[in-house]
Amino acid sequence: MAYKEKCGVFGVYNVEKAAHTTYYGMVGLQHRGQEGAGLVSCNQSEFRLHRGHGLVTDVFTPDDVDSLGGINAIGHTRYSTAGGKTQLEGFQPFCVHYRMGNLALAHNGNLSNATELRAFFENQGVLTQSTVDSELFLHLISHSKRSSQIDQIFDAMTQAEGAFSVIILTDRFFCAVRDPNGFRPLCIGRLKGRGRDGTDGYCVASETCALDLCKAEYVRDVEPGEMIIIDKKTVQTGTFSSLKLPQKFGTSQCIFEYVYFARPDSRVFGEFVTKVRRELGRQLAREWPVPKVEEGELLPVIIPIPESATHATLGYHEESVKMGRPCIFDFGFFRNPYVGRSFISPSQELRDLKVLCKFNPMEHTLKDRIVVVVDDSIVRGTTARQLVKLLYAAGAKQVHVRISSPPVTDPCFYGMDFPSKEELFANKYQGDIEAMAAWLQVDSLGYLTPEGLVEAATRSSGTRHSFCRACFTGVYPVPIEPTGRRDSSLDW
Amino acid sequence: MAYKEKCGVFGVYNVEKAAHTTYYGMVGLQHRGQEGAGLVSCNQSEFRLHRGHGLVTDVFTPDDVDSLGGINAIGHTRYSTAGGKTQLEGFQPFCVHYRMGNLALAHNGNLSNATELRAFFENQGVLTQSTVDSELFLHLISHSKRSSQIDQIFDAMTQAEGAFSVIILTDRFFCAVRDPNGFRPLCIGRLKGRGRDGTDGYCVASETCALDLCKAEYVRDVEPGEMIIIDKKTVQTGTFSSLKLPQKFGTSQCIFEYVYFARPDSRVFGEFVTKVRRELGRQLAREWPVPKVEEGELLPVIIPIPESATHATLGYHEESVKMGRPCIFDFGFFRNPYVGRSFISPSQELRDLKVLCKFNPMEHTLKDRIVVVVDDSIVRGTTARQLVKLLYAAGAKQVHVRISSPPVTDPCFYGMDFPSKEELFANKYQGDIEAMAAWLQVDSLGYLTPEGLVEAATRSSGTRHSFCRACFTGVYPVPIEPTGRRDSSLDW
Amino acid sequence: MAYKEKCGVFGVYNVEKAAHTTYYGMVGLQHRGQEGAGLVSCNQSEFRLHRGHGLVTDVFTPDDVDSLGGINAIGHTRYSTAGGKTQLEGFQPFCVHYRMGNLALAHNGNLSNATELRAFFENQGVLTQSTVDSELFLHLISHSKRSSQIDQIFDAMTQAEGAFSVIILTDRFFCAVRDPNGFRPLCIGRLKGRGRDGTDGYCVASETCALDLCKAEYVRDVEPGEMIIIDKKTVQTGTFSSLKLPQKFGTSQCIFEYVYFARPDSRVFGEFVTKVRRELGRQLAREWPVPKVEEGELLPVIIPIPESATHATLGYHEESVKMGRPCIFDFGFFRNPYVGRSFISPSQELRDLKVLCKFNPMEHTLKDRIVVVVDDSIVRGTTARQLVKLLYAAGAKQVHVRISSPPVTDPCFYGMDFPSKEELFANKYQGDIEAMAAWLQVDSLGYLTPEGLVEAATRSSGTRHSFCRACFTGVYPVPIEPTGRRDSSLDW
Amino acid sequence: MAYKEKCGVFGVYNVEKAAHTTYYGMVGLQHRGQEGAGLVSCNQSEFRLHRGHGLVTDVFTPDDVDSLGGINAIGHTRYSTAGGKTQLEGFQPFCVHYRMGNLALAHNGNLSNATELRAFFENQGVLTQSTVDSELFLHLISHSKRSSQIDQIFDAMTQAEGAFSVIILTDRFFCAVRDPNGFRPLCIGRLKGRGRDGTDGYCVASETCALDLCKAEYVRDVEPGEMIIIDKKTVQTGTFSSLKLPQKFGTSQCIFEYVYFARPDSRVFGEFVTKVRRELGRQLAREWPVPKVEEGELLPVIIPIPESATHATLGYHEESVKMGRPCIFDFGFFRNPYVGRSFISPSQELRDLKVLCKFNPMEHTLKDRIVVVVDDSIVRGTTARQLVKLLYAAGAKQVHVRISSPPVTDPCFYGMDFPSKEELFANKYQGDIEAMAAWLQVDSLGYLTPEGLVEAATRSSGTRHSFCRACFTGVYPVPIEPTGRRDSSLDW
């Protein structure tokens, strides 16, 4: 399924041609946001900002990247919305000036005390330029009474609540912070000998795939509640916790990064994403096996919804064979890589056409077969239903849907862009799987159990993590503001 | 001569299709700024901003103007710089949100206590987004302790020093302010029956020509030190003065608006610009008459540097004839209207080509003649020298330069974009007119005297004005901050 | 008045940086066509073409001009149409390949035997790409049975009928041709020492102002019926006449070039345009003098419709004073140079707004005055009527219109873009000047007589010319095809 | 591997909203050409053309498609070149006018007698606008002496030699033609009840996937040497053969369409592409099996070069397991869908970066494994070598390369864009597989045998086809012109 998440962040410190390196890093994080991109480079004490709508490769021409230059830089990819163009004012990185000098910031996540903070600052006479939570960090820092800039940032982080993986660039240092719950990922890389005079440079990114693309070596994750300061001479690290919020639940890293968000070639929360996804598929096969076929019948074909469900499907297939349920792994849809944002909205009489242009069913693979189609999740259910229809039209005998995560029943307030609770497919049917299968018009529908999900994710990634599963359970590890919260998010 | 001034401002209140009307008003103020344009419209409580680089007609497509819509709006045209593209962040109108709601603002002028104010706010933890003085008004307003929004604005205006003609739009009212010295012009128009339910609408503009283009009737100028508030029910007015600065010199309206800035079809400071310009030309003829010619010689030809000097030239010619010095008025240069920003910089071997492409001398008019060329002013002298060269190349027998204002010896800190003192032609030669004429390679050079200028301007406009003449005298009516001042201006 | 003419042509041969020089030449011919521009450069045997919609300065970036390079080049500016965008396929120069090699061609004018030629070629199996007459030259050349390329071109020219000033570039030489009647202008310039190894380069242009801008020295006009061939070693010239058409009327150069088309700083048909225009104004004053004013009344003010009527107005004023009718020359309209193609079409309730935004009347000049407004011609009459209305609204006591040419009663088939006969103002009223004045709502209306026009043009330009005056007389010096002719022209 | 093929063609006849339908069809043929796209629609007798650089979804805005409208239309996607922008003049469809009326044409293929035809026409006085073979069809048609338009087209087709799948639209009918050898595919679809008054519409496309996207039902292929004429009343069909060329070899359909070109969800030459590709993979496994592993060693992993080799890899894996060589199918590279044309060329010190950004190896899958990587073909070998390097860097223990086609030793002259013979990897090493493996630095390299290829393709597609295998054998079914041939192709 196609979710929308808010942003990827990337930054480099002490790296020759910092803007170029950041460009490649952002290309690696493009899947975390396609609405727009921004980059702030630092050349001595001059900060240069370039932002624009669209893909990284469209926003930045070679001339742009050359003229950004720099030895330090931070970048941000912004998630995609269906509606009209958002004004550039709300695009990150933010780059402002305050009494200590320049301050550039990129943020992935959502603050859960944003309304409260915004009200506080407005009463102080503060002007705001956007409805983006991330702007609040800037005010928290500039209004801190501490005298050192590091302390000001530390001060700010203890007052922020919710999900935040943040990269900051000042005139003096580079800083990476992850909230105490560690909702969103953030990792550190080293660029050996790529800094001034052959020193090592550093980079920080939402996912390790961005490190790969700039040939940085993965060092480790920024830990939940950790703040790392890198300057010309030292790398310092410290931990912080929320001023008001007791850390009741331990960490709560977003399990949906494993299910759907992260790029399969990334290591997230310290573990390879493909490894976890394959395991989710295996677990799913154990919970919801391939239907048995009769003697002489064609073997069932196991197909993914491309691309996100591919690895879970491979695991599902592998486990199925191991379980003595012979079946074939194949691709049942051709996904047209050229169908993107600028595809013309089909006219009324040709509706469903965008789905068809994007996912054309492969008759040869499907005809007369029992088809088990694996997806990572279902949000609204409308696309799923269209795809099922296409499978039958292509000659499928039966269609069985398998989902490698539990039903999504509740919205995310920590940085993932789900629709409202009312629009969520699983919520509409209150978990009545039979009814859901009926609406989708499938022969069977199977979701991974919450226990199975956590167990599989823990099994493949070791035991040191605790995950946020709020979207499956409605239990939110950090309290959500009662009102206005979603509105502010919708303003984005 | 081509000066660069900072901006034209325009606003409408209670006018159907406010964005359309503002578009036409801005087209009328295009001569005050060609680098960019911006427009904020207000639709009920929603403020929409559109800004861009280039001419008004390029920045706004019909779709843009339609979607801006609105019943109230303010617009801004931004002056042109030679260098690279300025980031849109510094483009006006500014549109922010603070505890009282939305706040949109457009400003023409320069604050002379900007450095002090900026330092003050930075110490308060304020973030700044640009190096534009105009942003400071927003902080002055949002940090005011007064409870009513009108009082907050009033409060802000008493703390600002220097040149400011400001238009403000809030959720509740529309406001126009002119600084106590009245440096820059600002006038009020009425749009009879063009508001909701047939009520009258209002507009405010830098110059009356913008009123003409939206078919508004000229009411009067906003007075120096006046603040006008228009809301749904009432038009209120009040006067204010600077908190710190005693009003020593009376008003000090920019006399350069008459000399060069304003469009000839405007009424500025209450008087028709052409009327004043013709009078400046007449005075110039009295001070620096046409050379006498011998019996049988061809009559001298009096030509303007198009377009700005045309009316002064007409006055010069008229007075010359009246004084018994027969001569011909003609155009000695063809000015190519198609040579603008995008003209390709000529290569080395074709230098002077841009001047030639823009101003082609007319051989037939000039050949074997004594040529008296009238301009409004000389800034650096380089273009003047090239034009003189072209006149000789076209066959002029003698070239006499007449300037309808005194030598520009000092920079302007009140909103006019002169180069630094060092670059000013008249300053380089310390007023040695002979030396200046020699460098320009002309047969004679005559400037209007400062007394002649004021006398002529006063004569044609009545006696109620006192003018700022700092650029000719170095006497600044409002004190200038000692340091950093020009730097901040250069950052623009 | 604003007419639309078809095109300016420019070419250079043996000039370093030929594309740059052509760019400047085209900027000088921009007034002859603003819809689009094209340039073909020749680099050794490689021909490069770049065409686009809009102004020369918009169509060509510095990179474009650099990459065009070349030692020879030809350019074309295309006239402006009101309607939708024309497809680039119809834009000149045309650049094709045939058995003799490359062939690039730019043409100003209209062929009167186009329909016949087109039919002939189609029967031969020829494909056509546009409905532009100019394409026919290419087929005439490539289908010629002659063996030498020069002879092929010569052959082509003898078969073309109508108005054509043509520039051709081949792999071997450069060629300039003017039709035997010499309808449209074409002149030759020399660029001393600007060619390879310090040799002289040459250029050919529609008007001499283009020569000025590339610092070429005016040599002479291409004569009617002359074909000039320039190659690496020689400049050859020859004369040709139409195969079928006896040259009954001598030459018939377009007198409208003097009245309106040509840039005032150009020399056309060998004479300075301003000189002729001033004389037209003088003649007009003699035929239609300024109204007498009574003792004590304000002097009448004589104003031009800017910019085209300025020089005729100066002549009118000069002669009036000489005739003992004292009056003042002034500008009654401010013409906004920023109102161009991209100006937004005003909404219904703001109609007439484009005229107002473009021509704002100057109240100070007009109020309580008798106004004599001089224009070069009237086509449809609608704009004239709006302008008269604006003059009265600005306080004019009387408005007298004076036109420095006779009534335009008939369309042009030789390269000028008039509307159809039915739409012509003078044709509608069958020359009833009283009725025309009434419709315009003016106090008087005076046109120059045809005799006065020719007399004045001849007087100022010597006696060697005979002119085409078909638009005033309906007498066409070259026969017009009975049908389809205008249609093909409208297809443009 | 990434080859470049020349073009996809699509056309519809008698379909409401023809331009919309053609847009969707072209989106489905985007993989056959990304450099540009063009569409000609026919509205009664008006033909409208729109062409542009880039992807279909970028070239056409909704407004463009709406204004094209039409009831008939043809479209063309143009292949991508590495170099600078090609001029639009060479983009198809071509749309011209000749004595019979309008003629629009789109062509996929290459004429092998192009030089001869071009010379013939040039001697007739024909002008050419491009160096594209396809233009020659237009001249062949318009120079035909036959009187009926259908006969003219028939006449033209008998004179063309080489590879051509052509779609033609005239004022009266729609026509689809495939050369007698049937090099390139072309198929017919029916749009039931989607024409005027509920009649059936028709479409023709390079591949069936385009039919799917416009919900057309696949009827059959256009047969080699078949010409189909569809008009308002009838569908006619006829066969033709080359005037000069005896049909020695039967048909010679391009086997590379199965190997690489065609979209996997298409049916080409009547057979499903995936079916053939899986079979090629199976055959490859039999010829070049997975290396045996020792007891206790990790199972080998079989990975495709995404996306083109995926189905062959599935077949290879399936057969390997069946053969008793247990192994795992997985993805060893993540292919970034956002890395396309506008990706910035990496600087010198970051070379190989584009390959890395596009194909990031997945460490988890590869580490310590024997890796068998399957690709469809190798052209130059440079990318293959870089990918191998990445596999080792990610920890692969051994790398074995398997290619699902024979070595490419000879260029294609029938519409496929290979580099010159000298640049072909297999040609350089004269088929010395050992040497090739050494250069690639792999543990083993295995190519499918030519016999295996044909056998597998024939097995899966039935026995009715004979294929062109010139690129593997150097035996060209239609003679190639001795000289100039490749040059003209390079001019494209």
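A, B, C and D label the chains in the order they appear, each numbered from 1.
The definition used in the following text is that contacts are C-beta pairs under 8 Å (C-beta built on N, C-alpha and C of every residue); 3 or more make two chains touch, one makes a residue touch a chain.
In UniProt terms, the chains line up like this: A, B, C, D = Amidophosphoribosyltransferase.
Note that this is a predicted model, so its numbers are computed, not measured.
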Relative to chain D, which chain's C-alpha centre is the most remote? B
Whole-angstrom distance, CA centroid of chain A to CA centroid of chain B, is 51
Inter-chain centre distance, chain B versus chain D - centres from mean C-alpha coordinates, in Å: 62
Which whole number of Å gives the spacing of the CA centres of chain A and chain D? 36
What parts of chain B, by residue number, touch at least two of the other chains? none
Complete list of chain pairs which touch one another: A-B, A-D, B-C, C-D
Chain D to chain A touching residues, read off their complex: 17, 20, 23-24, 27-28, 30-31, 34, 55-58, 60-62, 65, 209, 212-213, 215, 263-265, 272, 274-275, 307, 310-311, 314, 318, 328-331, 333-334, 336-340, 342-347, 350, 353, 356-357, 360-365
Where on chain B does chain A make contact in their complex? 49, 87-89, 96-99, 103, 122-123, 125-129, 138-139, 142-144
